[in-house]
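Two complexes are shown next, each including chain A; its partner changes from chain B in the first to chain C in the second.
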Partner chain A sequence: MLTVQDVSGRDLAEAMRHGRFRLDIGRLRLKIKSDIPRFPVVFRTLYGRYSCAVNGGEYDFDISIAPPNWLRRHIACNIVFELSGERPFLPVDAGHAHALFEWGLNWTIGSFAHNYLILHSAVLETRGAGVLLSAVSGSGKSTLAAELALSGWRLLSDELALLDEKLELIPCVRPVSLKNSSIDLIQSRHPEAVFGPLATNTHKGSIAHLPAPGDSIRRGSESAMPYFIVFPKWIDGAPLRMRAVGQGQAAMRLIDQSFNYSTLGSSGFQRLAELVGSAEAWEIEYSSLDEARNALDELVEHHG
Partner chain B sequence: MSFANDSETGVGIANPNVFLHFSFRLVDDGVLVFDAATGDTSLLPFERLLVLDFLRKRTAESSTKDCELQGFISRLGYFPDC
Partner chain C sequence: MLAEARHAGMLARIAHWVLGSSIAGSVPPCHRGSLTAALVHSAAFRRDVQRELRSISSALAHVEAPILLLNGASYVALGLPAAAGRIFSDIDLLVADKQIRFVESELMLGGWITGQLDAYDDRYYRQWSHEIPPMTHTHRGTTIDLHHSLVMPTCRIAVDSSRMVNDAVPIAGNERFWRLRDEDILLHAAAHLLLNGEFDRGLRDLCDIDLLFRHFSGVSAEFAERLIARSAEVGLDAILRQALYLAWRFFSTPVDDRLLQREPTAFVKLVEKAVSSRHPDTRIRGQAMADWLLMVRELSLRLPPNLLLIHLVHKMWVGLQPVKRVQA
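Right after this comes the complex of A and B.
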């Protein structure tokens, strides 16, 4: 199996420039095209262990990261995300290329992968139990996901829970996107972790990406059954508090965090109802990552 | 689950939309109701009259002509007083 890190920097850049590069993320295969010189360099840091191809072939999504026109390439130094030639977003600074790629890929999957019920949620697995961490942006979901992933839990996704018709969680293992103070926090707790470059002054503040652990990438095609739905909320100085959430309340919260619930109609309802009927739902408030991690470990150990 | 018309029991004759467009699921803290016509999902308390009232409003059914709705809810079998 060819991985990104097996490909020389020059060959990777050439394959991306000419649209021959393919990246495998779990069950998805992406065509990624870019002639931004720095993009493939950083890409190797974040996706080095992923299976790939450099001689073309079939793909699910056609993605391009490129300057929108000559003026923006040379004067404004802007880039734009394209999916099959369409540009759903405004141009951004060229230094935000990797953040734009991740945002664009989230949008792509959320907008088109309707064979899955897609929830805005991190997904991890430990001891055979799939755990969804579902929360609005700013609740500390990704920080907690990074902490768990760096503590031995298997990462399935930092951002998207993909639930298939058999109620299995399908991995979509990608780098964890950390924002602002979370970056320093995770770096200080895990100094061995290697991050991608810092993208500053994005519309979400400063962004850095933590590559997914190698074991999670290797097991990127292994689904997991959902045992727990956790609604995390980080509150500065708050003591640890865990509270069971009723199935109906859990369903309503997950609907709010779904990308395609209304698109799927009754099949989405049936899938969601089965999810909340089969997985325990919990709310956790915390200020200490150690306490939160230990609490979730105990939850899986005692109830899983 | 299927809630299509059931002519044998007489349920759903007056307002078949109720049976074709609502899906229900009993959960531990209430009843999830999915309205396929609007795509809305609601969480109702586990109480027969409240579910009945909800369906009346959604289907613009008058309270004097809701025998079909009552029959429908009874057929669900979810409610202890049914």
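Right after this comes the complex of A and C.
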């Protein structure tokens, strides 16, 4: 099996430029085309261990990261995200190429993968139990996901929970996107972790990506059953507090964080009802990542 | 092919064909996901259109004059095969010219408002166009195009649009909306495709024409007969032949020889280029040129020379102004 790091930088850039590059993210196959010189370089850091092909082949989505036109390439240094030739977003600075790729891919899955119920949530697994971390942006979801992933939990996704019709969590293992002060926090706790370059002044502030752990990538096609739904909330200086959340309330909170609940119609409702019926829901307030991680470890352990 | 289909706006339609046919079982599992997802999306879309039609219907409860549904919305309301997997961005309604102010104000009370337009664009729509500026619902973001004519009144091809509108009939089982006659639905689809200057969704529109023709021909053996007579009555015979030629070229529409013109004109050849694959990887040579020529042709058909000159000078002037920064 060919992985991205096996391909030389030159061959990777060449394959991307000519539209022959394919990336496997678990069951998802992408065609990625780009002629931005820096993009394949950063890509190798973040996606080095993923299996890929450099001689074309089938794909689910075709994505391109390229300058919108000649003027913007040479003068403004802008780039734009394209899915099948359509441009859903405005151009951004060329230095944000990788952040744009991740946003674009999130958008792509959220807008098209309606074979899944899609929830805005990180997904991890430990001892066979799938755990959803569902929260609005800014509540520390990705930071907690990064901490757990670097402490031996298996990462399935830091952003999107994909629930299929059998109520299994389908992995979509990708780099964890960390913002602003979380970047330093995780870096100081895990000095061995290698980050992608920092993208400053994006519309979400500064962003750096942490590559997914090798084991999570290797098991990127193994689904997990949802056992816990956790609503984390980071509050500066707060003591650890955990509270069980009722089924109805959990469902309402998940609907708020769903990309396509209404698109799925009655099957979306059924899937969600089964999810809150079979998984325990908890709210957790914390200020210390150690306490939060231990609490979640215990939660899974006690469940047996 | 899935990428092509997504670009052409036809993925859901292909999903309907494939998953509804005998080859459904042989679809490799890796592609089943994309197709199922497209079906889920189109089912949701159809529910939304039907709900939207119900709210339009209650917003217009005080309007006694007939309200016609056009294009995609009428295919959905009539349950035509052309509705399967068709995703469109706005609902097209048509009312008589003198009703338009009243209907517009009723829709405003229902929550649809016209976006901000400068005085020129507003006047362009109201004075020269066949529709008023698009109205968008304040909460749901859905858009209605309210027409008073099927084609631009300034169009140089004389089309007897009022004749088609006058012969409209109520939709069976629906107390609010009316529809064009079968032949006129197809003629309008052909005019919509060929009197327009944009062909981004041209292949899908052509596919609609194919599906409409097959469906109506199946319902009535005399359909082709009536279509020929009608197209001559309303001045769309050339447009109809061109559209059917293209549908036959791309979808092997079973058009009989009386309607098939096998010698395409230069214009039809250009359209053929423009509706072919538009995906950036597979665009055919000369498509950008064809697009440009077709846009010029459309403008020259739509607007008489003096208006065209005014329009172009104005748009050029606007284009030269520094862009106002809009805060998102």
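Note that the second predicted complex is superposed on the first by the 303 of 304 C-alpha atoms of A that agree within 3 Å, B and C clash if a C-alpha of one lies under 4 Å from a C-alpha of the other, contacts with A are read in each partner's own complex, and residues count from 1 in each chain.
Simple rule for what comes next: contacts are C-beta pairs under 8 Å (C-beta built on N, C-alpha and C of every residue); 3 or more make two chains touch, one makes a residue touch a chain.
Note that the coordinates shown come from a computational prediction; the quantities given were computed from them, not determined experimentally.
Aligning the two structures on chain A places chain B and chain C next to each other without any clash.
By the touch criterion defined above, A:62 lies against chain C but remains apart from chain B after alignment on the C-alpha atoms of chain A. In the superposition on chain A, A:252 makes contact with chain B only, while chain C stays out of contact range.
Taking chain B and chain C in turn and counting the residues of chain A each one touches, the greater count comes from C. In the superposition on chain A, A:194 makes contact with neither chain B nor chain C.
Contacts of A:262 after superposition: both chain B and chain C are touched. Look at A:276: by the touch rule set out above, it reaches chain B but stays clear of chain C. Of note, the Cα-centre angle with chain A at its vertex and chain B and chain C at its ends comes out at 60 degrees, rounded to the nearest 10.
Once both complexes are placed on a shared chain A, the shortest Cα to Cα gap between chain B and chain C comes to 7 Å.
With the contact threshold set out at the top, residues 262, 265 of chain A are in contact with chain B in one structure and with chain C in the other.
Across the complex, chain A meets chain C through its residues 19, 27, 29, 31, 58-62, 64, 82-86, 112-116, 262-265, 267.
Contact residues of chain B toward chain A in the complex are 1, 23, 25, 27-32, 34, 36, 39, 41, 43. Chain A makes touch with chain B in their complex at residues 246-249, 251-252, 255, 261-262, 265-266, 269-270, 272-273, 276-277.
Chain C contributes residues 2-4, 6-7, 30, 32-34, 36-38, 40-41, 43-44, 47, 278-281 to its touches with chain A in the complex.
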